[in-house]
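Per-chain residue numbering starts at 1, and chain names A, B, C and D are given in the order in which the chains are listed.
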């Protein structure tokens, strides 16, 4: 371990990382027979460290071991599984600052956001521990004498998790915490451009499993690209594959990933609708605020906007700006890249029609579209006119507006906020979208049910054998 | 109305049916611009009555009206929607005998089963009425002061239901009762070979809507074939399409229908696994029982086996018998068609290896495969070795077997019975399968959630505007 | 039957009532060995009809039969019990107008309220039918291998219901509908001054039981006074006694009854707190409205205020008015009895300090105390300063006020309304109070749990016998 | 601190204990103005350490501070309250061995049981943390347009906990963990004979509160006797007082305490019912096992039976043995005290009629009554024939017996076990009894609801003001 090119990177050894790292945790051991790739710092596009990705042989070996481990893990009582997840939470607490720093360094988000992302996994662990004693099925009254109906929830076996660069570890956390207490093994492939986070996170989970003499294969993890992702998506041994939200349709993974993780923050506000009576006042204030946004090294205190994740993201930003211009957008602020070695761009405000095609797509960068409306109905109609449906927010102090907004004729998103930004939900609620961003829920509420298979059991404990629908035989 | 070819069919006029019937209920009126088709009696393949199917223009007009009606219906308070469903239940009660008789006549199942099918819709109505006051969301504690999190359930808008011949109206009932109280309009396409049931059932719902001065388009119904089914499956105005179980993937409808409704009863027992110690004794008794099964007119008292639904089903039975022979199956009883004008075949018992490919498929007819096992583990492995996973049953009086069977290492079906046949669940439980027969749940438990869209709402009612993850601005 | 003194009373024969009626339904038969009492019309204090009340022998016979019936009824599957309650609902629907009229006639409330009261029982029946398939226990994950924890809900056996004159049948309905689907028999004692409602209501339930060949003793009913009430309250065979809300402490019944049913409507608004900025404007309007309130025969269309229930209530009103005067109250409207043969009094508005003792008690009549406040905190403090805690309401359009009002520092009542009067909750919610009016919940939410006993079951189905807390033996 | 009479007691300083200790934690500081009492070791009745109990002035000061703290604590968001409880769990983990040793030393139970008792609080903490994000109310569909019904759960304010010697800290843990996350302050009075456990436990909670800059008065704790207990029970500022199980009837505290904590373990098996076919065989084996039970110092490895808690308990044991003799009991083993300085008695087996009065009472010592039965019904009847109803167990492998036992005609206890001893439930289930041992539930399931007050809220956010029951005004 150790031997990093820069002193600023030496904290990585606290996370078990070195200058070159095996990128697969397979059957309880670190390996990596695939290509060697470099993890780059988006603030200067220089190498942080190297990683040996997974070969397809690594994948196969990993899955075989994982399937074996699943038989053991699903027999461990749920509260005992909760205890393992509790220990994972404690291990993360001990490394919170380091892990948050790594997230910020490798991904490009500012440090409070990097630490916040790790904290969210810790909170999920705490939540999942309590949940491990509440994965309740139902005893349902039967219409037949001497019968009892039970709704029992059993583990699925293996849950695959494919995550993207924008939340390189929180999304794993949402899924893995619940999946593990539900009795499932986890197979994780992190984003190709954030392999160090993948490895550091895996190290922590692996340490807890080993300390408890449990098979490491309960948590199987791969650094790698589309080939491994495709393998997970097509593997019939994996009944559930999750990629923020979850879907049983493995074949559509790449498409979904593209569709779902377009921005650097999936709940970033893309469109700002302002009532005509306050339109100009608010816009003027907003431009003033944007002028003060400090762009720079995400690890530095005071920075509010870090770099885009990759040079490609910067290119896509430039293309997006061009499209906005062609579709009649008027730039109120920003619209350019910042000259530097890193992938920095200006935060951008665009005045544009709600019908412009670019508004209905997800652009790769900090662009905010502003538009004017006259009535609440009109605003809701614009809100609902895009194919995405993850998060939405309204600012108002009128109860009739609040309750219309969250009701049948209101926002059609999965997350509907009032007087707070377009954040995701807290972990006690369910996180997920509707429409094109639909396909499941993670974290709280009854999301855990997606990680289990439901069995409707009817037990006849009497001495008579009834036939269906009152048919008499003979 | 009236003018049926046979006196035995005159009861159909009690259901609003005549010799020729318009097959679409569109925007509150009966019409039918598509081809005229005949409904045949499977016991003799003679015409019962004729039906004018839907044209694609009928469909378009129906959907437009339905989408308009949805805006009104979703604003009707849920308990008031429950009152409408209660009235539908009462209207069905009044016609129970006639409707049951029609189901039996047109589909071919025996009369107690025909009546039982209608009774199940009546029970669903009663259940849905109570449910209309219990479609509860959650108030979830927020981690932020002056915030409240709500999980609110809103209607989807329109629910499409495509049903098959084997349960020509119960499946509609499971879906429509819940969909309606949830605030959705319903678009139904019945099976092409059971149009009279589709029309009679629709008449009853329509009557209730009209009596309550509600738009008839709340319930939109079509007789028709693949073209209309495809239109429903591809229609972006319909966020949920159900075909026993439910799926959001409209493109896969036909495939699913084929996969799902293979038998005449989707929970029919296909495989009988007997422990070696009782194998011969039980088989001998079973053959004796099969000898006494009365085959004949399903409306006649005492009949236990009616005809297959169509001549095509009979042909498929013959092909299946041939495949069984080729794969080493040994016939212990039956295996032939019964010579007649109708589609009658013998109930059939086949001794065969659990690995024979034919055992893993769904055959179109009353064929039971029997096989021997030595240990419980072996029996469960055989049980789980097929791609389907709807219903399964064990007969035992040993608690350790009961609880293993319903647990993580037991049956992988959605319905797991003990000491009762492979029936479906009662309506208070959730009905649905796993694996290839997976894709959702209907009827009781929390199945209603599938008919609504979930909104995780966070309301900040305080005077401060917090940012995510503790970021401070400026 | 028949032979009423007045033609206006002849509709009572439609409810099975005559000029003299046995007042006990015991072991499926009508009897009445106690004193003969007269039911009086509060609008003129003339006799409507006579009733033979229960003797203590009737009570004993009734309870013995009821305890026997309980053994049978608790074995009837819950959904079948739901079917009986459904039929009770249908029978009530058929007599809705007559029953509502009787409630109005005998109790004194206006006709729409009388009919509304019966409608509420009908709604409860519908709700309870759905509930009969949802009396769900839980399957809870165990921390031990080969163990399953179940939370099972079993019937209590017999539920006693003692009701008061102000809601002479709705309160029975709330309790009986839920108690019956939960598998309990019901023992009912109605108010001594509304025996005809008690008998008519019992007739309807009895008819359904008889039609279904069930023991009449499942529903055992008594007209009578304190002696019978005391017998119910002290009977160890009755594990739950309910008197709006429910309590296990039978000895405190009379005290509670006095405390709980003071007004003619338990959720009647007693105190009106007005912000100083609108105080005079609102009061002026209110006095104008009070001037137009039509007092008179409750059965007559347009009447808004009927008589008090009994001459005693009128006397108590007079005493209350005196107390108000002594404590500094200033009469803005009313304050007198209306000269007539009936028990009519004026609707009354009183300006008074929130600290006056009379304000903290429940007065027997239509007296509204008005008071001024300056801040929300002050208003909430006044609201919470009385020992009662049933229902409360605020009128505001400010979200921060709404959410404070329903939160930890808001109203301490069981029912907290916003922009609607101090009504009770709808039946889907739970009805009940806190503090002195506390002691349980009826109708919706999880109120049904109070009518059952909870069993936390742990089943070890494995072959090992573990000891508690890891103790090893030998 | 320090200065204990014996070296074996020096570990107590690790728990913050000294030779003489102030016994009240009041407004965040340690004090004790009442009598000085000695804590005795039940194995030799020698002094362990001294404690200054609470005066009634201490109580008053404590309650005043607690009521103030309640206003702050109930505004801390529930998940943040969960974080405090999580830290309490961590602090207990760090002291598990010491605390467990103290419980064993001061109370007399064997060491694995002492440690097990503390572990149970730790588990409760973990559980409560998860629960802090799941204290969910409901959003209930309203029957009125533009209305929303909410069921909101608010804190009660202060929860009083009075615990007994047999579980000197676990019972506090069950109540306090849930009460705290629910937003309540806790007022605790421990048993007069286990003050050191009370102080040590309080130290740990206090440390966490202080570290988080929260008012110490959130957790207010007293060593003391009946006077303090009575003060808590009668204090109108404390809406809920719990003494294993919970009751709102403060006046009955002492009576209940006597009734509830009779044995050293409330779920100890008192009666053993054996089927006649195995009666003698099992009894013979049992006597053999009893012969090998090692009686002695509870801290010593291998000891299975420690001393009774006090000399009084020993006297009561002697009286009980006398009563057994008088009522015809036949001693199969034991029946005597063990001569020593401590409170040791023999484990005792008695053959006796199920009707003997002594069998229906709770005796203060390790006495097992054995009795014979012939049929299951007879056994259940005997089981249900006592006034207590906490825990019960059956050993059988017949499903029809299992399901009868847990059903309407089975055991009438709150805890119903199958093939495990008469333990309590795991913490995910609800702990509590029925009948004389009834009055509430603690720990899991929905027990948390008892620690909150339920508000059924209806919000009208539309512009119309509807009246109840369709009454029109004017």
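The definition used in the following text is that contacts are C-beta pairs under 8 Å (C-beta built on N, C-alpha and C of every residue); 3 or more make two chains touch, one makes a residue touch a chain.
Computed from a predicted structure; not experimentally measured.
Trainee: If every chain is reduced to the average of its C-alpha atoms, which one ends up farthest from chain B?
Mentor: Farthest chain from chain B, going by C-alpha centroids: D.
Trainee: Between C-D and A-D, which chain pair is linked by the larger number of C-beta contacts?
Mentor: C-D
Trainee: Using CA atom averages as chain centres, what separation in Å is found between chain A and chain C?
Mentor: For chain A versus chain C, the centre distance works out to 51 Å.
Trainee: Counting only Cα atoms for the centres, state how far chain A is from chain D in Å.
Mentor: Their C-alpha centroids are separated by 42 Å.
Trainee: Where the CA atoms of chain C average out and where those of chain D average out, how many Å apart are those spots?
Mentor: Roughly 36 Å separates the two chain centres.
Trainee: Can you list every residue of chain D that touches 2 or more other chains, as numbers and ranges?
Mentor: 75, 79, 132-134, 138, 140-144, 147, 150-152, 399-400, 402, 426, 428, 444, 459, 461
Trainee: Okay, in this complex, where on chain C does chain A touch?
Mentor: Its residues touching chain A are 75-80, 132-145, 147, 150-153, 397-400, 402.
Trainee: Considering the complex alone, what residue numbers of chain A touch chain D?
Mentor: Its residues touching chain D are 79, 82, 86, 123, 126-134, 146, 148, 399-400, 402-403, 426-428, 444, 459, 461-463.
Trainee: For a test of understanding, state which residues of chain D touch chain C in their complex under the given definition.
Mentor: That would be residues 71, 74-75, 110, 112-113, 115-117, 119, 138, 140-144, 147, 149-152, 154-155, 183, 248-249, 289, 292, 304, 402, 406-421, 423, 425-426, 428-432, 434, 438-439, 441, 444-446, 453-461, 465-471, 473-474 of chain D.
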